[in-house]
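The chains carry the letters A, B, C, D and E, assigned in the order they are written, with residues numbered from 1 in each.
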Amino acid sequence: MSKINPAFNKELEKFGSVNYNACYNCGNCTAVCSLSTEDDSFPREMVRLSVLGLEDDIRSSLKPWECYYCGECSTHCPQEANPGELMMSLRRYLTAHYDWTGLSGLMYKSLTLSIIAFVATFAAVIAFAVSVGFELEKMLHFGHMFEGIAIGTIGFTILLPNIARMWYYTILKPKTKVTFMKYVKSIGELFIHMFTQKRALGCDDNQFRWFEHFILVIGYLSLLFTTVVLNWFGTSSLFVIVLGYIMSAIVFVVTIDFVKGRMKAKKEVSKHSQPSDIFFVVWLFLMGLTAFMVRLFIDLDILESNKWLYIFHLTVLVQWALIIVPFGKWTHFLYRSFAMYFAKLKAD
Amino acid sequence: MEKKPKRIGVYVCHCGGNISDYVDVEKVRRSVEGEDAEIVVLAKTTMFACSDANQREMVEDIKANNLDSVIVSSCSPKLHMLTFRNVSVRADLNKFTYVHANIREQASWAHSDDKNGATEKAIHLVKAAIAKARYAEPLETNKIRAVKTVAVIGAGVAGMKAAISLAQKNTDVILIEKEPFVGGRVAQWDSLSTTTETGKEMVKRLYNELLKYDNITIMTNSEVIENKGSVGNISLKIKKTPRFINATACHPDDLKRAIEVCPVEVPDDFNFRLNSRKAIYKNYPSEYPQIPVIDVKNCTRCGECEKVCKAIDFNEKEEIFEIVAGSVLMATGFDSYTPAYGEFGYATSENVITLPQFKRLIDTQFDKLIYKGKEIKTIAYIYCVGSRQTDGENTYCSRNCCTSTIHAALTAKNKFKNITNYHFNRGLRTYGKQEILYADSLRSGDIYFQSYEDGLPKVSVEGAKTIVKVNDVLTNNREIEVEADLVVLVTGMVPRSDNSIGTLFKLPKGRDKFYNEVHMKLRPVETVIDGITIAGACQGPKNITESVNSALSAATKSYTILSRGELETDPLVATIDPEKCSWCGACEEACPFDAILKVENGKKVIAEINNTVCKGCGMCAPVCDPDAVNLIACSSREIMSMIDALV
Amino acid sequence: MEVEKGKTAKYLREKLGGIPEQAKENLKQFNGIKKIMVDALKEQDLTVKQMSEKINMPTDEVMFYLMSLVKYGIVVTGEIDDMDEYYTYKLNK
Amino acid sequence: MENPIRNIAYDALVIGAGIAGGETALNLANTGYKVLLVDRELSVGGKMIMLSKVFPTLDCAACITTPKVSEISRHPNITIFTGSEVSKIRKVSDNEFVALVTKQPRYVHIEDCTACQLCEKACPVNVRDQYQFGLIGRKAAFIPFSICSPKAAAIDIDNCTLCGACEKVCPTNCIDFTMEVETMELHVKTIVVATGFNLFNAEKMPRYGFGKYKNVITAQQMERELAPTRPFNTILRPGDGKVPDKIAYVLCVGSRDASIGNPVCSQICCMYSIKQAQLLMGSLPMADVTIYYINIRSFGKGFEEFYQQAKGMGVNFVKGKIGRISEKENGNLILRYEDINEGKLQEAEHDMVILSTGVLPNTGIDKLFENQKLQLDQFSFIGQSDMLASPAKTSIEGVFVAGTATGPMDIPDSILSAGSASSEAISYLIQHP
Amino acid sequence: MGELNKKSAKILVFSTEKISDPAIDMAGLLKLHYPPTVYTISIPCSSGIKPSWILYAYEKGFDGVFIAADGSDCIYGESCTEKTGNLVSKTHNLMKEKNIDPARLRMAAICSVCSESFVKQVRGFNEYLLKTLHA
C-alpha cells in the first residue's frame, strides 16, 4: 500500500526538474535508453515514482546513479517531459538527502546561499593572506597543508558519513540481505567504476564524451596525487613537474570543451544546466589553469611578483575543497561509484 | 398464360475475396448456367459487382442480350439492392425486375468454417433468386406529393441546428420539445472545451437564430403521441402541456415573487438533484422561452403564486395539435448513466457524485468548492462508470467522458484554489485534438492511475474520508491509496430511459440500444423507416461538434427527400383475386392501416386494396380462407418456387 | 498543328528533342534485370533468397522485380517450402 | 502553343474527391446544384478507395466507395476533373468566386478509353507503382488501379520513353501525346474544401528504420497487401518474400508525439491496426500478431466491441511504445520497449513490423486564397470559425470544409462532416441566389 | 448432399426484411456459424406467412421451418406478435392433421441485433431435428 504525495513535485522543482508531470507513461524513455535493462528499467519508473511522490522508493533507489545522461530519453520523449533532466534532479535530491549536514540541499535550492559561501571562503582566504602578511612561502606551505587536511577532514566528517547514509537508505533500510563475503567480493566494482566510469561507455550518444570524462577523471585524480602527495609546487623532481604540467593541462583543456557545451546548451544534457553544474566545470577549469600557471610562474621565477595569482589559486582550491567537493556536484563521482557497488550487492 | 421464357442474367460477385475465399464462385456460376440454361442466358463472375466498371458492363450486357431481368449474388440487399436496381433502370429495365441474392452475410461469412456447405448454400440461394426472377414483373411506383415540412423532435443543440438549417432551405419546420425549455443537455453546462462561449450562451445564440425564421414553429412542453402515414405525408398528433402562465400578462417581477412564495420543494433535475426547486420554476435566469412553468405533477394548487402574480392561470388546458410533415428528424438526445446502488460507493457514501452533478456543482459555486457544507480540495474521478462494462450491458465506450472529465477537472482547478485531481481511468481516450487537453492536464499536475477491467478501483469510507484504492498499471500494479474529499463517477451516455417516441415510430435499436442507422457509412443518418432521420446523441455518444455534424447531415437528408415535392414509393402492396374473394371481412380486420375497402364490382361484394395506404405488410394474406390475397413480389407462386429451388 | 493519330509519341519526342535520360536508363536497367532473372529461372525454380544469391542482388530488390514479373505474367508463383515460409517462383510456360 | 483558357460556371466547387468531397458533391448534386469536383490524383475516391476493409463492420472499402464513386461519376449534375489542381481562388462578390484550375495532361482521352489494358501490356517500362505504395512495379502506360474511376489508362510522362508502343496497340486510338496542360478560369458560387490529410513520413523517425529495414512497412502498405487486388497475391514481407508469422504493429508513429511536432492523436490508427490484425489472423491463421500501444482509442460506435473481438481472436496487445527497432541478419527485427504492465524493458523479435503512421494536415490550401485569408488552426489543419455550432464554416464566408481537412477523423465522421458542409453550402446557395 | 444431411438438418427460415434479416446478416458479419443447410426467405412481416407455404416446405423435403418473427419490434404495428402466433397455431393444427410433428415448426422473436439468439435458436433446432429425424 502506497500513499502518494503530489506536493513532492514542488520540492523536486527546486532541484531543477522540468515538466516531468507531462509523462503519459508510454515507456519510450526506458526503451530508447541504452543503459536500461530488463532487470534495471529506467527512467520511466523514476518519473512515475516522482509524479506520485513516493519518496521512500526514490530514496532507496540506485537508478538515478545508473543514468549517465546521454539525453536520448529527453530528445525522444513524445510529451517533452524531460526524463533525463528528472534523473539529474533526482541525483541532486539524493545528494541533498544523503548529506547529513543538510548544506547540499540548501545550496542546490538557493543560488544566493551558494554565492554567500563562495564569497565567505574568498574572504577567509584573504583574511589568511593578510594574517601571514602575504608571505608567499607561508601561503604555499599552508596551501599544501590545507590540501592534505581538507581531504582528510572532509573525507572523514562529511563524505564517509554520507556514503554510510547512502548505504543505509539503499541497502539496510529496504532490508536487503548481503553477506560479508559479498561485500568483499564485489569491492572491485567500486574501483572499476570510480576510475573508469565504464558504464557510461554503454551510452551510445558518443564514445568521445566518455573518453573526455575518463581522461578528466584520471587527470584530476593524478593532479590531486601530484600536488598533495608529490608536493608539485614544492618539488624539484623534473618528472613530477612535467607530470603536474600534463595533468593540470588535461584538466583545463578538457573542461574548456565542457564549459563550451554548457554555454551553448545545444545538447540535451546541457539544455537545463543548473548553477551547481556550472560551478563544477568552471571551478575544475580554474583549478587546472591556475595550478598550471602557478607552477609555470614558479619555474619562471615570477610568482613572487605575482602573488595574487597564488591567492586566486588558493581561493579556487579552498572553494573547491570546502564547497564543491562536500556539498556540490563532485560527490556524484563518489555516489555513482558506490551506487554501482551497491547495485552489485543487491543483484541476484 | 405462360409467356415466352424470361431472359435472365446472373452475376456472382467475388467481393474481392469476401465471398470467393469461402464460396467457389465459379462453381456457383457453372451450376446456374447449366441447369437453367433456357432462362439464364448469361452467368458471370465479377471481382466487385458494385464497381463502376461492372455496372457499366451490366448495362451493356442487358442491352446486348436483351435481358428481362438481372440477379446479382453478392452482399446483403441492405447494402446494394438499390445500386443494382438503378443499374437495371439505366439499361431501360423496370427496377422491380431486379432480384438480389445474399451470398455474403448469409453464405460465405456465415459458413466460413465450411467451404463446401457455403458453396452449396450459395448455389441454392442463387437458384431461389432465379425462381423469384421468373415471376418478377415491371411495376409502376406510386407517386405521392411530399409535404415540405420537417418535424424535428428534440430541441437540444442537434435539433435546433437542424431546424435552423432546414429553415434556411425554405423548408417549414416544427420543432417539438418535451421539456418546457429548449437547449437540452448543452444548456446544463457552463464551460465548454475548445471555446470561451458557455453552453448557455450557445443555446441562447441558437435560440435567437431560430426566432429569425418565420417558417419555424417552436413547441415546448409538447410531445408526439400519435404517428400515422408514411414518408412525404406523416400525420403527427402533438400534446402540448400548458405552462399555466399567461405569457402576455406576465410581469417579470411578479413572476419572481411567485417563485419565491411557492411552498413546494422538489429535487431539481436540471442540477441533477443536487438541490431543489419550486413547483413553479425556471432552470436558470436566461433560459428560453423566458417564461417560467408550473410543474403540474408537483404543484399542490395552494394558490400562493396566484395571489402575487396575475399571469398565473390554472384554467389553461392541455392542447392537442395535428400536424403533417414530410419527414421526421429525431434528435432526442441521451441520458446520463445512473450508477447502481453502491456502485463505487454511489448513494452509499455521501462524498460520491456523478460527473454531470460535479459539472453543475462547479458551475454553481464560487471562490470555494463546497459540497454538503465541506470544502473540497482533493477530487478522485473514476472513469468508465456505466461504459465498457464487462459484467453489464453497456459494453460500448461512451466516447466523450474522458475529455469531458479532464475539462471539468481543469475548470475546477482554475476556478478554485488548491484543487488536486486524481484520475482513475482505464486508458485515456482523448482522441484527435482533445489530446492537447490531456497533455495540459498532466502538465498542470493532475495525476492519472490506470486499471484494467479486472482490477477496477475500490471506494471505501473511513470516518470522514473517502478512500479510493487501485492496483495501478502504471506503477507496476502497485496498490495505491488516495484520500479524496469528493469522488466523481464518470458516468457515460446511455439511451433515453423513456423510449416512448422510439416505440411510436418503430425505430430499430442497435446493440448498444441507441437508435440505429441503416448503414454507418452508406446511410449514416437514415433509419429503416423511410423519411425518418436521426441526429445527435440519440444515435450513440457524440460531442457537440459531432452532434451538430450529424444534425446537419440529417437535415440535408430530410431536405433532399422533400425538395422535389414528390416522392416515389414501392408498389409492393397486397392484391386481391376477385375470382376467389367473396368478402368475409377477415382481411379488413387484419389490416392495421385501414387499407382494405369493401366494394361491389358489379357481380359481387369483394375486398379492394387502397394502394396508397397499403404498406405491403401482408398481414391480410394468411387470414384469407379462400387464399385470395397475395403480396406483390411475395406471392404464393414466388415463395413456393423459391422453396422448390432451395430444397 | 495536325498530328496523325497513333503516331503522336513521335511528335512529343521531336518537341522535347529526345527521350528523358532517366527514363531511358531505367528501362535499360529493367530489361537487363528481367533477362538475368528469366535466365536464372530457366535453370530451376527459385525462391527470392536463392535468386538473390544466384544473381547477386539484395533480396528486397529481387522481390520488387520478381513480383513485377509475376504481375506481368512472365513468372508465376510455385510451391511453398516445407516450413511454409518461402514460395518458389517459376517461368510461366 | 498557348493554353486555352476556358470560362465555365458552376454552383459549387468541391476541392478533393475523397470520401468527404465525393459525399458533398453528391448531396449538392442530388438537390439540383451543378458541382465541379476537382482532384489532383488520377482517380476519385481519395485514400479510402485504396483500403482493404473498413472497421468496425469489416465491409470491404471498395463495396462502399465504388458505388458512391460510380454514382458521382454518372451524376448529370457533377463534373469531375482528375489530375487537376486548383491554383488560385479569388472572392469577387458575395456569391462569386473565381478559381483557376490547372489540368495536367493524361495523354489519354478518357471518353474513348475502354480500359482494355493493351497499352499496359505493350509498354516496356517498369517503375514503382505509387498506388501500391512502391511494393511492386507498374508500366508507364497504366490503369491506376483496378477500381479507379474514371477507369481509363494514363501515361506517366516522366518515366515514358516515348517509344509509341502503346499507341500502336490502342484499339480506340485514345492515346494522344499532343495533349497539353489546360488552364481554366471557373466561376463558382460556393466552395467546399475537402482536401483530406497526409500521412506521417516514417523516415522522419530513423530509430524505427523505415526505408532502411525492408521488413518495416507502413500500415498503408499493409492495407494494399490485404486488399483484394493485392500486389503479392498473398501476405509476404517485402524484404525477401517470406510469409510472416510474427507480426508487430507499432502505434503512434508520428502521432501523440511532440518530439516530432505532432502532439495530436490521429484517432484512426488504433482502429485500423486492430482491423488489419483481425484480417491478418484471418489470412494467416498460424501467425502471431502483436499490437504495441500507449492507449487503445476505440471510442466510436461498435469500436470497443471490435477491440474486444480482436482480443478474443488472440491478437496480443502490449502496453508500451516502441523505442527502437534494429535488424538481424535474417531480416527479422528486434523491438525494444518497456512493457508497462511489468514495468520492465523488453526486447521482442518479429519478422515483420508495421508502422501505424499518423494523420498530418495537407498543407498549402490556405495559400490558394488570394484576397481573403483562410485561417488555419494551431496544427495547420483548416480552422473552424464556429467549431461547435457550425463545424463546416471557415474564416471565409461561402467557403466550407468537409472531412479530415479540419483534423483527424474516421470514415463515418468524415461522411457526417460532409453532410454538414453540404447543408451549409445548400443554405448558402439558397440565401445568396 | 447425403453427407450433409447427416451433419445438419434442412431448415427453412422465414425472416423479415427490416427486423430479423439484419440480425441474420449480422450473424454472418460476426462469423457466428450455423449449419449451412439453413436457408432464408425474406418477407416484409412475419405475420404475412401463409400456412400453406410451410406445409409446402415439408412436402418438398425441408426438415424444419423456423419463423424469425418481428416480435414487438415490428414496424407494422403491435398486432404482429399476436397474428404470427395465430398463424403458427393454425399451422400446427394443419400439421397434426397431416401427421407432421408440430415441433418441426418453431418460432422465436428475433430483433434486429439478436444475431446470437438467432444462431442459438437454429443450432438448437438443428440438433433437435437431427435427433428426431435421422436417429
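The rule is simple: a contact is a pair of C-beta atoms (placed from the backbone, for glycine too) under 8 Å apart; a residue touches a chain by one contact, two chains touch by 3 or more.
Not measured: the values here are computed from a predicted model.
Among the remaining chains, the Cα-based centre furthest from that of chain B is the centre of A. Taking C-D and A-D together, the chain pair joined by more C-beta contacts is C-D.
When each chain is reduced to the mean of its CA atoms, the one lying nearest the mean of all protein CA atoms is D. Ranked by separation of Cα centres from chain D, the top chain is A. Centre-to-centre separation between chain A and chain E, using Cα means, comes to 82 Å. Each chain gets a centre from the mean of its Cα atoms; for chain A and chain C, those two points are 63 Å apart. In whole angstrom, the spacing between the mean C-alpha positions of chain A and chain B is 67. Per-chain Cα centroids separate chain C from chain E by 57 Å.
Touching two or more other chains at once are residues 428, 439, 474-476, 510-511 of chain B. For chain E, residues touching at least two other chains, in rising order: 29.
In chain D, the residues that touch at least two other chains are 57, 256, 258, 263, 319, 340, 343.
The touching residues of chain A, counted against chain D in their complex, run 24-33, 36-41, 44-45, 75-80. Of all residues in chain A, only 1-4, 6, 9, 19, 21-25, 45, 48-49, 51-52, 54, 79 touch chain B in the complex they form. Residue ranges on chain E touching chain B, taken from their complex, read 1, 4, 8, 10, 12, 18-19, 21-22, 24-29, 31-37, 39-45, 47-53, 56-57, 60-62, 73-77, 79-80, 83, 87, 90, 111-113. Residues 207, 252, 256-259, 263, 294, 319-324, 336-340, 343-346 of chain D are the ones that touch chain A when the two sit in their complex. Note for the complex: chain B touches chain D at residues 14-18, 47-48, 50-53, 55, 75, 79-80, 83, 90, 157, 161, 165, 168-170, 192, 194-195, 197, 202, 205-206, 388, 395-397, 399, 427-436, 439, 473-477, 510-512, 514, 520-522, 524-525, 539-540, 544-546, 548-557, 559-560, 563.
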